[in-house]
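Take this structure first; my questions come after.
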Amino acid sequence: MLNPQRRYEIAPPASSLYCPDAFISPLEIDDAVARALAEDLGRAGDVTSVATVPEDAQARAIVVARAGGRIAGLPLVEAVVRRLSPDAQIVPHARDGDAVEKKTALMTITGNARAVLAAERTALNFAGHLSGVATATASLVDKLKGTSTRLVCTRKTTPGLRSLQKYAVRCGGGYNHRFGLDDAVLIKDNHIAVAGGIRPALQRAKSVVGHLVKIEIEVDTMDQLREVLDTGLADVLLVDNFTVPMLRDAVKLVDGRMVIEASGGITHDNAAEIAATGVDYVSSGAITHSAPNLDIALDIEM
Amino acid sequence: MLNPQRRYEIAPPASSLYCPDAFISPLEIDDAVARALAEDLGRAGDVTSVATVPEDAQARAIVVARAGGRIAGLPLVEAVVRRLSPDAQIVPHARDGDAVEKKTALMTITGNARAVLAAERTALNFAGHLSGVATATASLVDKLKGTSTRLVCTRKTTPGLRSLQKYAVRCGGGYNHRFGLDDAVLIKDNHIAVAGGIRPALQRAKSVVGHLVKIEIEVDTMDQLREVLDTGLADVLLVDNFTVPMLRDAVKLVDGRMVIEASGGITHDNAAEIAATGVDYVSSGAITHSAPNLDIALDIEM
Amino acid sequence: MLNPQRRYEIAPPASSLYCPDAFISPLEIDDAVARALAEDLGRAGDVTSVATVPEDAQARAIVVARAGGRIAGLPLVEAVVRRLSPDAQIVPHARDGDAVEKKTALMTITGNARAVLAAERTALNFAGHLSGVATATASLVDKLKGTSTRLVCTRKTTPGLRSLQKYAVRCGGGYNHRFGLDDAVLIKDNHIAVAGGIRPALQRAKSVVGHLVKIEIEVDTMDQLREVLDTGLADVLLVDNFTVPMLRDAVKLVDGRMVIEASGGITHDNAAEIAATGVDYVSSGAITHSAPNLDIALDIEM
Amino acid sequence: MLNPQRRYEIAPPASSLYCPDAFISPLEIDDAVARALAEDLGRAGDVTSVATVPEDAQARAIVVARAGGRIAGLPLVEAVVRRLSPDAQIVPHARDGDAVEKKTALMTITGNARAVLAAERTALNFAGHLSGVATATASLVDKLKGTSTRLVCTRKTTPGLRSLQKYAVRCGGGYNHRFGLDDAVLIKDNHIAVAGGIRPALQRAKSVVGHLVKIEIEVDTMDQLREVLDTGLADVLLVDNFTVPMLRDAVKLVDGRMVIEASGGITHDNAAEIAATGVDYVSSGAITHSAPNLDIALDIEM
Amino acid sequence: MLNPQRRYEIAPPASSLYCPDAFISPLEIDDAVARALAEDLGRAGDVTSVATVPEDAQARAIVVARAGGRIAGLPLVEAVVRRLSPDAQIVPHARDGDAVEKKTALMTITGNARAVLAAERTALNFAGHLSGVATATASLVDKLKGTSTRLVCTRKTTPGLRSLQKYAVRCGGGYNHRFGLDDAVLIKDNHIAVAGGIRPALQRAKSVVGHLVKIEIEVDTMDQLREVLDTGLADVLLVDNFTVPMLRDAVKLVDGRMVIEASGGITHDNAAEIAATGVDYVSSGAITHSAPNLDIALDIEM
Amino acid sequence: MLNPQRRYEIAPPASSLYCPDAFISPLEIDDAVARALAEDLGRAGDVTSVATVPEDAQARAIVVARAGGRIAGLPLVEAVVRRLSPDAQIVPHARDGDAVEKKTALMTITGNARAVLAAERTALNFAGHLSGVATATASLVDKLKGTSTRLVCTRKTTPGLRSLQKYAVRCGGGYNHRFGLDDAVLIKDNHIAVAGGIRPALQRAKSVVGHLVKIEIEVDTMDQLREVLDTGLADVLLVDNFTVPMLRDAVKLVDGRMVIEASGGITHDNAAEIAATGVDYVSSGAITHSAPNLDIALDIEM
């Protein structure tokens, strides 16, 4: 029920639910929503509401951030509600990418009570999870302030949620690494070994992929880094598990000729120090695979 | 590459990959794997491997837990690999539900190198995520030791992964709450309000649902709890955000006539104290929606 | 064509198409309709109508029950029509769960003639089949009048129509048994045998399933029944193929401590006698797997 | 459990599961099986078997016709079992289209006990339903013996099961009418009315459909029949609700120049008399939409 | 951008987008559009537009035929646009089946600029491809002018586009051959050989297929043709790779008793001569499998 | 039937069916095959073969290129056959990417005759279409011989076949442009206009996309080209409809600082001349959207 003690103010309508400058196919949203609702409604739907709520009861519900953080997932909340109640009225008070304080009203939903109750958990699961990813991202981005280093995600995502999590990373101020195995080349140690070395690996890649595919290569040592530079065949250098002094040497050596991404064990504690080395990107799997939920709830008045 | 310094011993084959006594439809596994591979392979598949790895190269890969924890997701690892390489050889050294130490080999995979490399990230994303859920569960279950209180999950799950996470909760020693809105009745404050009170809400539910559907009802006060007891119409009592003394009173009052589930803010710090009150179940959303990944990796030898 | 001799009166609009207190996920309806239309329209659609009916012709059609019975399936009729003609006008004169006389108008549809003709057979196949299930159910429920025994369905359903048939059973006044293998435990003879007896089977079940899963167990003899009662571990007793005197003894012995479901050969002839024994539920597979169609037709005026 | 008193003999392996001369796309079988298993296994799968049956237990099961009839659906039984246990051993003792006596063993299945138990109900639902359709068909076909009249089905099928039921009709000795709205033209009263008469309707149809699409037209009177004959534009005449004397006149008048199909109220009682009029086909919706299940069971030995 | 030099006039709204007398299931259109948009939008959607176009920018776009030809695919253009922008305004200036000159405006679309840009390529790919098929068809149909011979397509279609291409053939004035292996019988040389000859093959077919399935048989020689005629069991004769004199003989011999279809190497050069022989149908695979795109573009004004 | 006069020699087995260095997700192949078979088999499957071919007949079939060209699609042929006959024997005599002469045997298939006949058309439609794309590509690539200019495809593909056509382009020796709107930025005239110019458009793109996304920008004039060069923010320059002299100037001006792609009206006639200007890539939509089929057939021996 609508908590009578709630203190939150309700802002005027936002112009859009989406984060500007964040990428997501609308078809991905529809698919994710259909899948999530199917797993929650099962075969019989919301038996509790059918059993206890009159079929024509109306409800007003407010989506509230119970904790402060970075918002992501409001278009999914809308899609979940509309799927069950196409003519529900939805008024956004925030949009994805917004940084909000604890107890901020995000959206007002007015519609059929059974539909709103049936939509509640699925809608919140999306908003809580994606806002969690956005918040974890924003929190780490915050450590990079004052540098030109950008935070970038990885393919270490929760299975089935890749595109949504990548969108949430953008909502949090991070950047997207490749979306899958198919949209960029990333040559790692095994590839180098089996291809017979750094140069042959890069040459083979260059000779088969198109001109709109970037090539990144992982190096573990300064010697490897030099070899990559010599070839002039890679776009991005992935320096994995380099120490801070090594990173500094790498930046100096590369001297702007390639983009440098540092990966491996980036944390809140070391992010600023790593960024200070001048690397262009630091990547983090934790912002997608280990982000805790942001506490988002639905206050309902029927 | 296979790390030459690795210290881990490789155990003999396990009899099965599945956790005994954990529930999952095999169709759910196939669907999840198809979806996850599609999002990683995209349209062009693993361009890096096609560009750098000979098509007939073979690889031997070992799935390794780099951190200690509770394992879940090995059947998904197998399914991911088999989808790309039906005749790969797979030897399990552990099974879901096992508690393992850091650096434990979980599975040996031998097969086409391109297929193994293409499967790697998707397989690990499943294993890391589900083992994360199992480990978070096991860690909280551990706090309940010495009591008869059981840990149970909620519907606060990551969208699209409900059934897999519920399976992982069982792997971690927890129990499953309802899988969706359709397989049990859970009457909350809004339902009670709109139905005109506890008794009418329960009567309505009892009069329409079948004899194989349990009815749980949420109470916020001792008076409500007494009212539920009086009706004799509910199977399970959900006491939400009760203090420890309130929980003690509730257990005493109910005196075994109903199952009691305590929810709201269960943490590592208070779990033991809450369990000591004698409640039958404590429920936690965090074990599914906020479990950090368990670090699981693939050591590959080509 | 609209039969000029028709005698049926057309009632004012009904408030809803759905049966109150019957359970169905709206996603199940959409899926069933998409599947059924796809199988009827095939690749080329309704070639006859395209060949003979002008593209802008309008039609008014009345869905009529040609035989008396219990109605189920009107929301599917609406969904079929809307799928082919989103702006058709639909006025319901009855709703699911209604008992109607022969020649009752159920719904008036006004829209594009080609769309109405293309929708006709698929819409009627749903309405006729589900009303058949509802009517068969209602007819058997009628035999239980004056007792507290309820009629319940089984998993013996027509493949692919489980959830719709369960909904239709509710429309007919029956109750739903479990919807699948996953939402309740039902221990049968083979399970008991392989688990080493009734008590170990129940203990194993109790030790692994959650607190919102009911446990039913099948017994074939009075001795087994006593053994189940002794354990106190089951929620529901399934007495299969008991004679009426045995059922009487069972009811007496159980004395309200468990719910009793009688199954096996329930017919119109013996239902009243069985109910008189005081069993809580009788279950019937025939109401779902062998219910004849109810004759429902579309009178069209173009 | 395997009934010790069973008297049935087990025949040697049949050469195939399919009915010769019956039509079904193998993709339709796979889709139907996937859908049916999904609705029965739900999210958690067979919780009872996981809870009570050891994971490596083996079972031998015999599919038995408990009642005599015409068999259809054995390939679906096989597909259901193989979906859950790819390496189960399956030995057929009968094939679709066989007429069997009560207590005939149809198939022996040996495999993992949990998989066999989980497959049981879905497999039997297919076999029972489709054998029901085949049996109802065969029973009506039997009435046509000694005439050249063939029994043909309609589009009045159970939604989602069109192709399977059409296959079962062939198993029962019936013939298939069109499979959907797209594979033949059938001009009915409404089409004639809106097209401006029989001749313009047929001319329009003839002028737009290809040379491999047959054209059938429904007539309600002898005058209409003559008009159709005069045009020479139709392949098949559908005489709806003609009395027996009218049918005799129609056959005489047509004199082999067109195929005649009689529809409307064909029953066991009047089928022979109608066939004796010399019509080429009689059509029945009841054999698909109202066929009761044939009692088929699984005897399991674990 | 809207080309300032464009000379094309914009016609008033057309009454419909569909070609009259052409067949297509609306579900096929939705499926094709969903699939095509998914492959173009991928996981992240239109990154360029998100990066460079304001989210509330509006665009007006005109679909233009840059080359003259026969139009097909406008309903797909509409469906693509509506999928991304449900409230876009769409005004058709032509409809499928229209023969248009170079520089003809076909449709005006007004809506959200990002949505229009994202829809552009997918919409044009449909319109260009299907108009290509329609144009190739119309061009060959043109050669048959003055004869009663009709042009008919084959099953030699582009995989996944069968039903759309068959619709486009109708838009071009051609006729449809069977849509798949299931809606007509076509007996070829291998079938005849294995069935033991023409008569047994036809007898077998006649004895198992329904009365709404036409039977066509391929003959390679005059003797085979005579044998088919003698049986009186086939509806259509497929004469494959007959010379013109042979075709003349065939027409004479058949003398209207069967429909004759000539196949094999029909080109613009020989079509008129072949038609002059009096065959009823000539079939061409090239109009579907080898039709070049018609140049259709989108002029956008933002 | 196997043509006794055939002259083709059958080569020993090829090592693989796939073209080395060409990209395609295996899931895309399975999806395309399932879709194509579904549209050909429809509801009833291959009625002709069921009617005329004994169920246990075996067939040997040889896939033959009747015309010379570049092969693509053999893995799809295999997948089609295996879907209908999992234990068919398949021996490849060529692989994708091979240039073959007229009358070259590509693959020998031995298996159930009904399955082989049912697979025939779908398999050939894939092989014919994709080999057509590969052949058109190879033919245009041939014109670029002796230069370092590469041929690249576009997004002007046949709807639903994007990934397969891109694979076929590689089989023909061409390179892949972006696979969709999501894997690279391509800024065109409308984007530039609405973003307020070339620099702001590039700056906006650079500021939001990740470091593994390439940025291409279209220019129509030399001035625009210079402006792009000045920014240093683009990876690839798309010069659209430049004359040969303009291309020469552009190459000179850019002087290796960016990749140059020339688009617009590339034909067999002008390709060599354009390549001689020194542009890095020429792009062609015709190789995907207008490639005629390569004549591939199946010779069957039963």
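Per-chain residue numbering starts at 1, and chain names A, B, C, D, E and F are given in the order in which the chains are listed.
Simple rule for what comes next: a residue touches a chain if its C-beta (ideal position, glycine included) is under 8 Å from a C-beta of that chain, and two chains touch if they have at least 3 such contacts.
From a predicted model like this one, the values you see are computed outputs, not experimental measurements.
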item	value
Contacts common to chain D and chain E (chain labels)	A, B, C, F
C-F against D-F, pair bridged by the larger set of C-beta contacts	D-F
Chain at maximum distance from chain E, centres defined as averaged CA atoms	B
Chain A-chain E separation of Cα centroids, rounded to whole Å	44
Intercentroid distance (Cα basis), chain D paired with chain A, Å	51
Rounded Å distance, chain A centre to chain F centre (Cα mean)	33
Junction residues of chain C - those touching two or more other chains	21, 23, 25, 39, 41-45, 47, 50-51, 162-163, 176, 179-180, 182-184, 208-209, 213
Category of the chain touch graph - line, ring, star, complete, other	complete
Contacting residues of chain D [partner chain A, same complex]	39, 42-43
List of chain D residues in touch with chain C within their complex	1, 32, 35-36, 39-54, 57, 59, 113, 117-118, 121-122, 124-126, 128-129, 132, 155-163, 179-195, 201, 204-205, 208-209, 213, 285-286, 289-290, 292-293, 300, 302
Chain B-facing residues of chain C, complex	21, 23, 25, 150, 152, 170, 175-179, 182-184, 207-214, 216, 235-236, 259, 261, 280-281
Complex interface listing, chain C residues touching chain A	15-16, 18, 20-28, 162-163, 166, 176, 179-180
List of chain D residues in touch with chain B within their complex	34, 37-38, 41-45, 47, 50-51, 55-56, 84
